[in-house]
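For reference, chains read A, B, C and D in written order, and residue numbers begin at 1 within each chain.
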Amino acid sequence: MSSIEVGVLGATGMVGQQFLQQLANHPWFRTSWLAASERSEGKRYDEAAPWRLAGPMPEGLAQQVVNPCTPGKGPKLVFSALDASVAGQIEQAFAEAGHIVVSNARNFRLEDDVPLLVPEVNADHLDILKVQAAQRGWKGMIVTNPNCSTVMLTMALAPLRQFGLRSCIVTTLQAVSGAGYPGVPSLDILGNVIPFIGGEEEKIERETRKILGACGGQAIAWHPVVVSASTTRVPVIDGHTESVSVDFDREVADGEILEAFRSFSGEPQRLGLPSAPDVPLLYLEQQNRPQPRLDADRGRGMTVTVGRLRPCALLQWKFFALGHNTIRGAAGAAVLNAELMRERGLLS
Amino acid sequence: MSSIEVGVLGATGMVGQQFLQQLANHPWFRTSWLAASERSEGKRYDEAAPWRLAGPMPEGLAQQVVNPCTPGKGPKLVFSALDASVAGQIEQAFAEAGHIVVSNARNFRLEDDVPLLVPEVNADHLDILKVQAAQRGWKGMIVTNPNCSTVMLTMALAPLRQFGLRSCIVTTLQAVSGAGYPGVPSLDILGNVIPFIGGEEEKIERETRKILGACGGQAIAWHPVVVSASTTRVPVIDGHTESVSVDFDREVADGEILEAFRSFSGEPQRLGLPSAPDVPLLYLEQQNRPQPRLDADRGRGMTVTVGRLRPCALLQWKFFALGHNTIRGAAGAAVLNAELMRERGLLS
Amino acid sequence: MSSIEVGVLGATGMVGQQFLQQLANHPWFRTSWLAASERSEGKRYDEAAPWRLAGPMPEGLAQQVVNPCTPGKGPKLVFSALDASVAGQIEQAFAEAGHIVVSNARNFRLEDDVPLLVPEVNADHLDILKVQAAQRGWKGMIVTNPNCSTVMLTMALAPLRQFGLRSCIVTTLQAVSGAGYPGVPSLDILGNVIPFIGGEEEKIERETRKILGACGGQAIAWHPVVVSASTTRVPVIDGHTESVSVDFDREVADGEILEAFRSFSGEPQRLGLPSAPDVPLLYLEQQNRPQPRLDADRGRGMTVTVGRLRPCALLQWKFFALGHNTIRGAAGAAVLNAELMRERGLLS
Amino acid sequence: MSSIEVGVLGATGMVGQQFLQQLANHPWFRTSWLAASERSEGKRYDEAAPWRLAGPMPEGLAQQVVNPCTPGKGPKLVFSALDASVAGQIEQAFAEAGHIVVSNARNFRLEDDVPLLVPEVNADHLDILKVQAAQRGWKGMIVTNPNCSTVMLTMALAPLRQFGLRSCIVTTLQAVSGAGYPGVPSLDILGNVIPFIGGEEEKIERETRKILGACGGQAIAWHPVVVSASTTRVPVIDGHTESVSVDFDREVADGEILEAFRSFSGEPQRLGLPSAPDVPLLYLEQQNRPQPRLDADRGRGMTVTVGRLRPCALLQWKFFALGHNTIRGAAGAAVLNAELMRERGLLS
């Protein structure tokens, strides 16, 4: 149990801490190696990084020494919580050196031969790793998870693909934890809304199409759905809310949508992966849900909730979706990816 | 100066207080009569209603006695800040008794012969009052202003009518002051988003079309634009933010949109009405604006701000709009209506 | 297991829901009877009360029928989450009818013959129940827990009694959940501080002295400490923070205080009560702790955290204390009381 | 009118912007020179510093070029909004070069020969400038205003000096704007309380005693009052709230305290200084006031409000005080200082 050693790149940042939280007491993975920037190198973890999550730091971390991000050091499996400004170079170096890099960073997400994975949605995209291996000549590999807002959206859209998903307009109301630490200054967001998050709208519009696409083994064909995203930051700690309108190639009844939401399940549930929520997508009946404070933690933060399905005057249907942005949208997503990879025999 | 006496129906509620604030030191109107429900009747105003707005209560109000809402009493011109649950009956009784009722309540907004007025947008809708007089047989009249979210939206859409406005999808992020007092419980909204405001989406979808419509003298032809609205409540005190996507009958260039925003002006500006902002619609260049905390008070709360014009992948363009919901969206809107009516000779 | 049936009076309010949450999956207690006001009588629980806590309603509650608060009905052991406006009469009637009433309401807290219990602090105050039985002639009994702010304070002061605790000045920064639902209007507290909570300062000043007092079997001698409390409401969901200064009869070294905090433990820990936290009082070393968002949930909400011990220019020492107001300060407190009572053989 | 040219050191930070706001449309002062760190040197002001205050940037600023902080350049009178890390050296160099430096920084506040001024409280402390001139040999001079929390406290305590003020315990609940920009990360303060502000408690304890002290011409004798301060940060934008307990050498009646608060006035009011509020200290009768959202802007942010006077079980009386921290507590304070200095003939 906990027999697979893992490392965390960027272990001192907010996403890194969320990774360590997700990995604490994991039945398969044991965090044996922490790496971060030179500023933290050689320090004890509790000196390098004040613990910023609620509750105590997981046991056994405080005394671990923070290593530099040196490829070839550390376990074969490394999770990357690196900032995008450095992730590209470091992750590639680790993959070249033989590491399996399960990354939350955006740098490789849209590469043709890199899986952009939401295990309930596109587990078969792992097949593209054969292309990656053939093309890149890396001894290791890179697998990515999407931008936090994209995860919730694709989880809600995936069950609707069967109806001929044609277009989608989404406005997000995003929590501040998505911006890391120190992140958003309190003067900017207390009692306020910021109608801008750099690069976020483009990420949602493109990543969604790749994730929902079909993987033919040799290539991923992006889904033809047209996605238009508007993103805002709101004074919420955890939990991205999304106002979504969708249209289809054919007329779809509300009962069909509800049935699709309710019956949605995927590989993680079938395989019983440790981080998989029993119910990956939960439709809430109450007319004022989902809400971040009440629903973001469902399924230990891994369940995406949807609600308020109603007709859209312009497209066919509209609804709200919600998910925990640093768990389902970041660290939990990556850990679930690694769990799926283990079951597929990709970690050995 | 301040020679026109006015009364306020529902003077003790939040919207009523906002009316009294707007009317304090008004150059034309003098608040000489306060009316509210039986609970407050006969009390001094400061005993009937703790002042809930920032700063001191306007001078001269504290000692005024609160009257019952008795038609025929009070000045000819009365502003109605009544709750919708009672506004229908009381406003009609006042109009029958000869009062000019300038109302913020929703009850009469969609009546065929009642102006639903945004003075910069549809000042000519006042012409329908002739029909109202002919049909209703009231000695007085009723004029209404829209729902708070609708005002911002119509101000932003009005200059775009010229391009053949075809459709609009909007998601709102609404401030708590729009729900009155006590309104939204703090447990529901602190660090949270509520994706539901009862009846609000329907109001926006319908009122917008009436306001943007053409008034042929005998009837108002609703604008054919298709509007789809999703509404949320966010932890903001004042200022509704709206994420808007729009489509047109023809292809429109961004420069055309910007020019239309920037050159937008209306009757209130032409007439120099006291509550009219110099710039009714202000396009902000910064990429992260408008924001409620920084921009809601522009033009003493009467300017609507827009920003972030950018292409929409599905419709043609998208942008954000913002306005002060209790000023431009309620009390200030009604006072501006009354100012326009005076200039049109309707108050005599 | 879970062999003792319990009822909850006032089950539909916020404190009632917190009770049901605390009792879900309890190893000894099984909630078999829900009671509330006439308004809810006969309804299914999920129809009588929308669930307002984060996460799903505990299983098995939704279909239970809400009963009226009829003495003699329901299990022998009832928890009271009643509002103070009705608790006095109803709780007394239940005690007369033979129920063991474990109450969170304030009505009986300061009665001479009613234990005001914080199990780590004054478990021996249960001895006064003999006096209660003798004096009142009730077939049952009433045991109370303190006001939410008082619990944190007495937990922090109890280990300092040994130094001759003489005086204490405290300013609280209290969370909105302490005010119930709908409770504090969002317009009053968003981005604001309210320097007033009705009756709260008196409660803290008096309850603290009773709790810290000695129970001689026949009477409780209130502790002579002079307590001055100032209370404020702040925009926090859960967790009361307290700024505390204390003085003693003799000079006390900081090491003595720290040692007293760190070694503090009580009956619940000795007995291993199910709701007892391993560490009832936790001193945090970081200079900016305790904080409600990070520390209120420690020990499943039952640990009180303290920090920032430093000299006071006027009294001897000052520090901050924090606790979860609806768990350690309300429902969790009452459940712990009942657990202690069971171990003392008082429930049979 | 506006005939005195002034400069602002540190013009691009939050406090600098607040200075520019305070100086806009000032009847005596005209901001003709902006200076900041090398990073901003040579840039237009609107490019060097995004405007972070509500509403538009004051007219005429956008195009001004930002200068380096070179002593001898710029007008004789300069306001310093510099950060403490650089203020010491730069302010001294400006004073040596002949500038009159009116500073908000902490560096010189406790120097024996530097006035730490609250014009209503200790206008006579300007007399110590003769000592400064004699001792320092500077061609110019330095005058300071206190830490933001200290201003509110000394305004509330000044009228109570007559009763033999002996001791004071204060807990502050401070707004985030006091920490500048980017200042407090939103993750630290949303829905939270931080019970620590570096160095703040010491500043309040010491500055208060100097300000309330007597200036004998040759020296300032610190007031003997013992002050104990605890400071917290709360999720409020503007307005520091303070919970204050005070004791006196003699027994004081509540009527005496109220009368002292209500009759308090000072040099700024007597001289009719432009920034002076009509009522410098306002006692609010309502039992739940003062509140930052409702009261911080009183007197254009220059009035300090107090309320809830009630007996303290340990000291004699307790009350709450509140003030706008970036106006009365920073930029407005410095501008008022300069106004007083002009009336005293110190600017020529």
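Here is the rule we go by: a contact is a pair of C-beta atoms (placed from the backbone, for glycine too) under 8 Å apart; a residue touches a chain by one contact, two chains touch by 3 or more.
Bear in mind that the values here come from a model prediction, so they are computed numbers and not experimental data.
Listing every chain that touches chain B and chain D alike gives A, C.
Interface matching across C-D, A-C or B-C places the copy of B-D, with more than half of contact pairs shared by residue number, at A-C. Ranking all chains by how far their C-alpha centres lie from the centre of chain D, first place goes to A.
Separation between the centroids of chain A and chain D, computed from CA atoms only, is 47 Å.
With centres set at the average Cα position, the gap from chain A to chain B is 42 Å. Contacts with at least two other chains are made by residues 52, 190-191, 235-237, 293-294 of chain A. For chain A in complex with chain C, the touching residues are 50, 52-56, 190-191, 237, 286, 293-295, 297-298. Chain contact summary for the complex, chain B toward chain A: residues 167-169, 171, 173, 190-196, 205, 226-228, 230, 232, 234-237, 239, 241, 243, 245, 287-294, 307-308, 312-315, 318, 320.
The residues of chain D lying in touch with chain A in their complex are 14, 52, 176-177, 181-191, 235-237.
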